[in-house]
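Input: one structure, supplied below.
Chain nomenclature is as follows: A, B and C, assigned in order of appearance, with residue numbering initiated at 1 for each chain independently.
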Amino acid sequence: MSILDRLVLFLPTLGFFVLGTVILVSAWMVGQVRRITHAAFFMVLAFTGVAGVFVLLGADFLAGSQVLVYVGAIAVMFLFAIMVSDLKELSGPAAGSGPGGSGSRAPEGDGEAAAARTAARAWVLLAGLVAVAFAGIVLAAVAKAGLPEVSVPAASGEPTTVLIGRELFTKFLVPFEVASVVLLAALVGAIVLAAREDKDRGLGEEADSGAGAAGRRNGGVTA
Amino acid sequence: MGSYFEVLLFLLTGVIFVFVGLGVASLFRPALPSTPKQSIYECGMRPFGDTLGKFRVRYYVFALVFVVFDVEAVFLYPWAVVFREIGLVGFVEMLIFLGVLVIGLVYAWKKRVLQWS
Amino acid sequence: MEWNLVLPELIVTGTGLGVLLLDLFLTGGGRRAAGYTGLAGLAAALVAALRLMPAAGRGELAGPFWQGMVVGDQFAVLFKVLFLAVGLVVLMLAVDFVERRRMPAGEFTALILFAVLGMMLMAGSRDLIVIYLGLETTAVASYVLAGLLRDDVRSGEAAIKYFLTGALASAVILFGMSLVFGGLGSTGLPNASALAEALAGAGPSAAPAVPSPLLLAVGLVLLVAGFGFKVALVPFHFWAPDAYEGAPTPVTAFFSVGPKAAAFAAILRVFAPFLVMVPVSGVEGKALALLPSIFAVLAVLTMTVGNLVALVQRNIKRMLAYSSIAHAGYILVGLAVATPRGLAAVTYYLLAYAAMNLGAFAVVIWLNNHGTGDEVDDYVGLSQRAPLAAAALVVAFISLIGIPPTAGFFGKFYLFMAAVEANMAWLAVLMVVNTAISVGYYYAVVRNMYLQPAAEPGARAAGPVPATPLVGTALSVTLVAVLALGLLFEPLARLAGLACGGL
């Protein structure tokens, strides 16, 4: 076996550790950066890393879907959600002083605020401990149990898209059709709840489904 | 796995190309910064308002409708690939799936969510 | 047979889609039309489900249908009937409320129907993917339902709290399911006998049918936590009081019996094989044998905390939320004893609890429709103002406490006996102590209604409260069910036993 062959064989392992580091670091950064837009972009990076792991596992269709749905659509949804929320309100009065306010330093708090911060820190510590203990238990159990041998379907030489399609439209037919109802419920729910927000702000459309068609036509916003 | 090696090569080439291009250009181009040049440029308009402004919640509904139909598109790929194999049954299955989501589209339409007012 | 088996689901889905469209195109037809359509659909689905009962009893529907994604055993059909009945009663209670509070009627009805669909899928499948999708269908519809009171900030708060904890719970459940899938080697769950065979075959000689029992055990523990969020077990309960208080009252009624019973059905489906199976040796066996102890600890915590905190509540919806938590604790006793009798007791208790809790909420909704507030103090002097409502609430509370001859008594009695038989008398005793505590907060309301004179006749009393036909029917149905489930204890307990026997 030549050096080059060894290198090529080692690439997936190397890739896994590189991607794993990228995912972990960017997931950590999501919680660390002060600007929420930056947090969203770190999340996108984590999603991309996951897509990379799918590629390493030979699940190319999943990798594609991951990019299409998470990196594409979900990330856009998050950015839109940031856009429509009142960030000045979110970052609190301390940071509300003009553009880039969320980046400004929090003022020195009085005793009460300091106590609240200590309490918050204690909770964060507790949550961290629980998380570490939990991860430890799961990892120990998985290490002890050993992962079961699973035959890789892709070994048959067919593209994974074909395998997934065959399973999805024969064996998993019922879940597939149910998925459409879940998507519909989410769509209807989001519209009905968002319409209420719009109405609250006084700019929105006529959100009341009980009003007549004529009222709805006139209720549209002209501004 | 072998085919991904080429993808990786493409990726590296793409990244290198950008940095080499910019790097070489920076060696030769003149740098004469001035105030108008360094001001923020936004579609030829003077930027106004606050970057942290609140947009209408309606935009969010656009994004959500987009997500739902993006997920639908993901289901369409494997369907199209195995379409010959699963035949009419598969066609009807997808028709039902799409039918349910079209109701969602009709709903959004009638609620004037898709209208730019 | 394949199509007959999913006929109730198809009717519910079709009605849900129809209601959405109808509401869009017939806006002038009155706000109640959507509710009536939904009621008709649920009634038709209920008939279809009831017609499956005999065949399910004969075991003709047990075979794998729809590529093993749907099962029609007695357990599935029994729970489908329960869910459809719950949906029917909730919708009856909601029609007036929705109209009065100017909630979007079409969306409300459609979402209730979709939630019921999800619940039926949870009980009617042995496949983890279908169970998860059912859970998610119910959850997505529930988040929105909680927030449908547009002019009430607390409703939005309820929705967001329910959504955030629900999403977390879904993530934990998915993680657990992925480990269970890894441990079992398939998304299809075995029944008890198949599981025993598979685990027995895991020795060195035979090919391991269950690839990794330890992985399975870890996954199951995660599922306990995930489902614990969904049914609001202590310490996963903190979202429930806020969500229950802020949500529109008919939706609160629905949450407390519908998705909760469905999650318990899923718990039974997933855990029952592991609870009643033959013990396995080794560290894997020890890990799996921990499950009943986990349920026992959760049961004690849940009923005690639920009852104690309920004592200090001033809002009746919040009080009923904690009462609902406490009842989930009682139900867990049946899982902790880990015998077929215990599982049957869980099933019977879910039926009884649905009837009595909906009865209590029916009165709250009835009074709320006539301007009575949701504070316990608003019920002062109710026996003079609305003697029927007060009496109905007393009947529901008697059953919730567990006094004979109501369904609540038989439910608790059955759980108690199961615990004693399984040599877990201490758990049974704790249940009785908790029942005694619970008398405190139920009686506080009764005392307000009967023993306190209405202080200012004009201020709080909103005049006489005539029941509308729908609310009246719903209330009568639940109260009759409270008594009938008690009188029919013998055959129903046998049915529950048979249903759980196939798990």
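The definition used in the following text is that a contact is a pair of C-beta atoms (placed from the backbone, for glycine too) under 8 Å apart; a residue touches a chain by one contact, two chains touch by 3 or more.
Everything quoted here is computed from the prediction, not taken from an experiment.
Asker: Quick check for you: compute each chain's CA centroid and the global CA centroid, then name the chain with the smallest gap between them.
Answerer: Looking at where each chain's C-alpha mean falls, the closest to the middle is C.
Asker: Could you find the two chains linked by the most C-beta contact pairs?
Answerer: Here the largest contact count links A-B.
Asker: Measure off the straight-line distance from the CA centroid of subunit A to the CA centroid of subunit C, and report it in whole Å.
Answerer: Between these chains, centre-to-centre, one finds 30 Å.
Asker: Taking each chain's centre as the mean position of its Cα atoms, how many Å separate subunit A from subunit B?
Answerer: Whole-Å distance between the two chain centres: 16.
Asker: Please report how many Å separate the Cα centroid of subunit B from that of subunit C, as a whole number.
Answerer: Roughly 41 Å, centre to centre.
Asker: What residues in subunit C touch two or more of the other chains?
Answerer: 17, 20
Asker: Which subunit A residues reach two or more other chains?
Answerer: Residues 170, 173, 179, 181, 184, 186, 188, 190, 207, 216 of subunit A touch two or more partner chains.
Asker: At least two partner chains per residue is the criterion; list those residues in subunit B.
Answerer: Within subunit B, residues 100, 103, 107, 111 contact more than one other chain.
Asker: Considering the complex alone, what residue numbers of subunit A touch subunit B?
Answerer: Interface residues on subunit A, with respect to subunit B: 8, 11-12, 55, 58, 61, 64-65, 68-69, 72-74, 76-77, 79-81, 83-88, 98-102, 159, 161-162, 164-166, 168-170, 173, 176-177, 179-181, 183-184, 186-188, 190-191, 194-195, 197-198, 201, 203-207, 216, 220-222.
Asker: Report the residues of subunit B in contact with subunit C in the complex, numbered from low to high.
Answerer: Spelled out, the residues of subunit B in touch with subunit C are 100, 103, 106-107, 110-111.
Asker: Which subunit A residues qualify as touching subunit C in the complex?
Answerer: Touching subunit C: residues 137-138, 141-142, 144-150, 170-175, 178-179, 181-182, 184-186, 188-190, 192-193, 196, 199, 207-213, 216 of subunit A.
Asker: Quick check: in the complex, which residue numbers of subunit C touch subunit A?
Answerer: So the residues of subunit C in touch with subunit A come to 6, 13, 16-17, 20, 23, 27-28, 31, 66-70, 102, 104-107, 110-111, 114, 117, 121, 125, 127, 129-130, 133-134, 136-137, 140-141, 143-144, 147-148, 150, 159, 179, 182-183, 185, 211-215, 217-218, 222, 283-284, 287.
Asker: What residues on subunit B touch subunit A, complex-wise?
Answerer: My answer: residues 1, 4-5, 50-52, 54-68, 70-75, 77-79, 81-82, 85-86, 89-90, 93-94, 96-98, 100-101, 103-104, 107-108, 111-113, 115, 117.
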